[in-house]
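These are the structures in question, set out in turn.
Look at the two complexes coming up: chain A is in both, with chain B in one and chain C in the other.
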Partner chain A sequence: MRLTLHQRQIIWAYIFMSVALVFFVVIRWYPTILAFNVSFRDWNVFEGSGPWVGLENYQEIWQDAGKPRSSVTAAFSNTVRYVLFGVPSQLVLALAIALLLAQIRRLSAVFRVAYFAPYVTSAVAVAFVWNWLYQPETGLINQGLDLVGLPQQPFTKSPAQALPSITAVAVWQNLGFAVIIFLAGIQQIPGHYYEAARIDGANAWQLFWRITLPLLNPIIVYLTVLGTISYLRLFALVQNMSPQGTGGPLKSTTTVVLEVYREGFSSYKMGYAGALTVLLFFLILLITIIQLRFFSRRVEY
Partner chain B sequence: MATSAEIGTEGTLQIAEHFKPAQGGSRRRFGWTLLIAYLLLAIGGVCMVTPFFWMILTSVKPAPELVNFSFFPENPTLQNYLNVLNTSTFERWYLNSIIVAAISTTSVVFFDTLVGYTLNKFDFPGKNIIFIGMLGTLMIPTEMLIIPWFTMSVNWNWHIGYTQYWGIAFPGVITAAGIFLMRQFFDGVPNELLDAARMDGMNEFGIWWRIAAPLVKPAIAALAIFNFIGNWNAYLWPLILANSREFYTLPVGLSFFRGESTTHWEKIMTAASLASIPLLIVFLVFQRQIIRGIALTGLKG
Partner chain C sequence: MKRSKLFILTGALLVAAMLLAACPAAVPAEAPASDSAAEESAMADEVIEIEYWQYNFAARVDAMNQLIAQFEEANPNIKVVHNADIPYAEFRDKIAASVPAGVGPDVATLFYGWQSVWIDSGYLVPLPEDAFPPAMVAEKFSPMVQASFVEGTLYTLPTAVRALALFYNRDLMEAAGLDPDSPPATLDELRDQAVACTQRDDDGKLVVQGFVADPSAQDHHWFREVLVRQFGGVPYTDDYSEVLYNDEAGMQAWNYLLAFHTDLATGDRDLFDGSTNAFVGGHVCFHVDGSFRLGTIAKNSPEMNFGVAELPSHNGVKSTFGSYWTHGLTKKAAADQARFDAAVKFLQFITSADAGALWVDIVGELPAQLEAGSNPELLADEKLGAFAAGLEYSHATFFADESQQRQAIIDSFDMVVLTDEDPATALQIAADTDQEVLDDFWSSR
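Presenting the complex of A and B:
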């Protein structure tokens, strides 16, 4: 029996897909189901099982969240604060830089490299460099403050300043990515839109609000969603910028993922940590859906 | 006139001619905006690169110079590098990072390209379900999978000895985002070309390997570079899986190195330089491709 071309194509397609299919089932979907399962158990990672405890892990998180100054409360409220401080400042700065970069020809590549370099650097190395910059007495920033006659600041050493200080570093590191995407978006806007508007007597301010910003809307949505997710998952910077990697001082910088790591892999409370990751998943899902609903309006010209 | 020379078509040239008086005025204003744009970009650029310079400057200073503040080293030395390399396992961490990044990048390039091609060019039952099933995994944060992955790794002994390389690499050997990206790029490969090869009796694997894949080389290069950088900088999962010093990747090793040399900033900055400079060089060499790739993939995504 001879196979038709189409039948042979189907066989080839399944051969080509086979390894990837196994991968997605075994390494992605099965662990996803297992993650929910873990959150309902008193999970022991070395036995690969544990007694079913129903909603106990979630109840424990709920109870901890009720206690003032508990790690869980701090983790969730800090994580939201990282998003609220980080995402808008990142977007506004990136858009401003991209608009400036779109104006210039010469040295454009040099600036792009400078703004993008932190993005390819390991978060751990970035954390250490900024620890050193933020250092009291000998740190470069405090030396600079001294020089211009301003008082020294404790930065990551104080519960009040630590979270904004770390957010600033996250913005510094991720800015370049948003700049490049914005710049690509700006360069895609057809030039004759601007020419036509200018002929109608529009000024630069109007050009920005009536043409650039509306046409960049899909990119703003994309970067908002992506940025929010990355701030919700903040871990490496915080772990390496807080004393002993605990999310201090006084839990002021801890995040959900840091608590997952500490509960799961320092205290070995896997079920509890698993329940936290499930909550993180729903938090990310919820915020993403809200943002897509809220910001997505089509702009047609 | 420079401005009218830049405008290509005749129609717009006439418009430019028509507005000549206004052009003179706007050109002078243009000069000022350009100057301000450069100025602001330069200030921003200094903020972006100073941390890197400060890291490198600190790494070539003898310890006493850190206390008596001076911006540039008075007696530059490479002694810190010798000390750090002699007292730690840095060479081994480099090797580990290279091995892990090479395993996952090779695999990602092969499978993401193959699967992306299959999903674009073949028709087979279950295609949509498979595609959605793969893309759907993008919604699941990897943090939720670390406890299941760790359980599986312990189960299959991927957390001991040399299999740790596989243990660190396996979550990223195929990526949904990469498959999606490659699927988009194969749109540009004409079906007629593939059919012609079929007529010549070439088998399907050969058609992909010899004809289709070479046509999307720039996309494959971008995929490879991003993957290498991503894996090189990966932190949370290698931190959890690698259980002995000899199997740490660079970011993990760097993080533990800090714990051992708490206040010796010249050592920490040397270690941070050692960890980040190789990748910064890779970035500088490929900056054009990387930045273009980011813009391209960002706009496609």
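Presenting the complex of A and C:
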């Protein structure tokens, strides 16, 4: 059989892509499908199987959610709060920093590295450092507050402050990535749009609202979707910054993924954990679809 | 053309290899396990290999290596593979992950509080009665080991046990004008001395903490098994199926514990990340902890001038909380008779009185067998004596799910100190949550 050059190229493309496909099928899809399967079973982790119980695990979650001081309810409502606090602050801060970085010539590489470094640092290391910073009395932040005469704060030790404190660390950690993407977007906006607008008498504020922001829309959508997904899956920071990794104090910082982990690997209730995972999957899917549908609009000049 | 055929071939092979490599993940665990089981029984006359797992803790690893060496010398046809590379925090995850993979231990060491969950999930098999008669266990082992019987069936047995005692920092006591040779012997003395030992600076910040109430350390055990009993109550019914600490006695015990944080303010568990770190760092006068902490102090604060006394009594009642790391036989061992017999032999050896005596020297935990535990030399030991003395009046809580039941006490303590919840309401919430965990466990049996 003789193949044309074009056909051979296509075959090669498929062969190379199949490597990635195998990876996705084995490492991503198979466990995902398994998680769906597990969520309908009374899964025994030690036997690697279990009887089919239909929607029982989901019913149990529903019942647990109705109880007072329920971990499940706390996990879902906290997770939503992480998104609501985290994503907007991350976007606004990143955009502001990117706009400033786009202005400067000197040392801009140094600043970019400084902002990006936390993103490539392990969440566990970040959590440890911030735990020290947040420490009552001896922590750097509280000593700073002392110095300027402000009262000390409990941060992660208080049910009211713990979630915002951890969100702040997550924002700090993810900021660098958003800044770099924004910078790339800003630099792609053609300079003559601004020149033309200036000739028409537009001020800096108008330039930002009428040109920069609309043209950054695809990037904002992209960062919103990615950011939302990452906050919905928040785990490592909470596991390492809450007391004994329990999502406390008083369940104030627990997340859905943390509950999945605790149910699955501490209580060995894999079916229940699987059902929680599936619920989180659909939550992420739903929110992502909504975001893509409502925030995506093409802007052309 | 030849070259490109070669490329295609290599590419195809590569893909096939990756698919093959990925396959075992999808194959049920049974297949490889039964294969190797058949193989092993075929060579029963030869050396039988069993696997033993514990979490990584240097002194335990060292002690177990010595025991294994002795055991293998006495039983040349059994080889014990010792896996102790797993950090404590990951131990349960690794066990859970090992089973579907068809690997894992024949004999595993677990915290006694995890037994119910492990038994419920079918991971542990009962210990054979001929090798471990219940009467022998009742007679020879510390009474707390009764917690290893679930509905009359013995599932695990320990080498060593631990008890709680009162650690005191002699230098801080002296600095506060207290006599380090007479540490608190009663709860009232503990309260008074803790107040006397507490030092604050001009801004009112704690410099020396007298006593830090910290339920996430050992104080949740101290509350349930010690304080409640000393105020005249019992924490649970005898079969640990019903919570009883939400009564008048429990309330007094609860208030006694809370007062260290609220009214007396002798300490704050948020400083130095908890009472244990604070004591080891030399910032706390009195601290309730287990014998295992002796090793931590020796390693991190070898200079510290401290003593250990029996837990303070109250109303003439002495009590302490006992706990232990215990060894169980897994269903992997049970799958093959020859290996099971070898595992039983090994378990008998490491739970013997001699093994306990070796263990106390290296690890600092007390022998689980009374004969070795009541050794006069041990009772006279300056540090270990207080723990050894506690063995005869110790209670080990039977946990349906240790982490959840512990969390119930921690959360209720937090409600009072962080959100100003009424102490009685908070204790009732702890009891309700605890009861729910117990009901869950007992109803599924």
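The rule is short, and it goes like this: the second predicted complex is superposed on the first by the 273 of 301 C-alpha atoms of A that agree within 3 Å, B and C clash if a C-alpha of one lies under 4 Å from a C-alpha of the other, contacts with A are read in each partner's own complex, and residues count from 1 in each chain.
Everything below uses one rule, namely that contacts are C-beta pairs under 8 Å (C-beta built on N, C-alpha and C of every residue); 3 or more make two chains touch, one makes a residue touch a chain.
Note that the structure is a prediction, hence the values are computed from the model and not measured.
Asks: Applying the document's definition of touching, compare chain B and chain C: which contacts more of chain A?
Replies: B
Asks: Answer with first, second, both or neither: which of chain B and chain C does A:Gln103 touch in the superposed model?
Replies: A:Gln103 sits against chain B, while chain C stays out of touch.
Asks: Contact-wise, after the overlay, does A:Phe265 reach chain B, chain C, both or neither (first, second, both, neither)?
Replies: both
Asks: After the superposition on A, what does A:Trp62 contact: first (chain B), second (chain C), both or neither?
Replies: A:Trp62 contacts neither chain B nor chain C.
Asks: For A:Ser158, using the defined touch cut-off, is the partner it touches chain B, chain C, both, or neither? Pick first, second, both or neither.
Replies: The answer is second: A:Ser158 touches chain C but not chain B.
Asks: Going by the contact rule set out at the top, does A:Pro249 touch chain B (first), chain C (second), both, or neither?
Replies: second
Asks: For A:Val19, is the partner it touches chain B (first), chain C (second), both, or none of the two (neither)?
Replies: both
Asks: Looking at the overlay, what does A:Arg28 touch: chain B (first), chain C (second), both, or neither?
Replies: In the superposed model, A:Arg28 contacts chain B only, not chain C.
Asks: Go through the superposed model and pick first if A:Phe281 touches only chain B, second if only chain C, both, or neither.
Replies: first
Asks: Would you sort A:Val45 into first (chain B), second (chain C), both or neither based on which partner it touches?
Replies: both
Asks: Take the contacts of chain A with chain B and those with chain C, and give the residues found in both.
Replies: Looking at chain A, the two contact sets intersect at 8, 12, 16, 19, 30, 45-46, 48, 131, 135, 138, 265.
Asks: Inside the complex, what are the residues of chain B that reach chain A?
Replies: 12, 15, 33-34, 37-38, 40-41, 44-45, 47-52, 54-55, 58, 66-67, 69, 111, 114-115, 117-118, 122-125, 127, 130, 133-134, 137, 139-141, 143-152, 154-155, 170-171, 173-174, 176, 179, 198, 204-205, 208, 229, 232-233, 235-236, 239-240, 250-252, 254-255, 258, 265, 268-269, 271-272, 275-276, 279-280, 282-284, 287-288, 290-291, 294-296, 298-299, 301
Asks: In the complex formed with chain B, which residues of chain A make contact?
Replies: Against chain B, the touching part of chain A is residues 5-6, 8-10, 12-14, 16-17, 19-21, 23-24, 27-32, 34-35, 38, 43, 45-46, 48, 97, 100-101, 103-104, 107, 109-118, 120-126, 128-133, 135, 138, 140, 143, 172, 175-177, 180-181, 183-185, 188, 192, 195, 199, 219, 222, 229, 233, 235-236, 239-240, 245, 257, 260-261, 264-265, 270, 273-274, 277-278, 280-281, 284-285, 288.
Asks: In the complex, go through chain C and note every residue touching chain A.
Replies: 4, 8, 11-12, 14-15, 18-19, 22, 25-26, 28-29, 92-93, 96, 99-100, 117, 120-123, 205, 216, 268, 270-273, 331, 401, 403-404, 407, 410-411, 414-415, 418-419, 429, 433
Asks: Which of the residues in chain A end up touching chain C in this complex?
Replies: On the chain A side, the touching residues are 8, 11-12, 15-16, 18-19, 22, 25-26, 30, 44-49, 69, 131, 135-138, 154, 157-159, 243-244, 246, 248-251, 262, 265-268.
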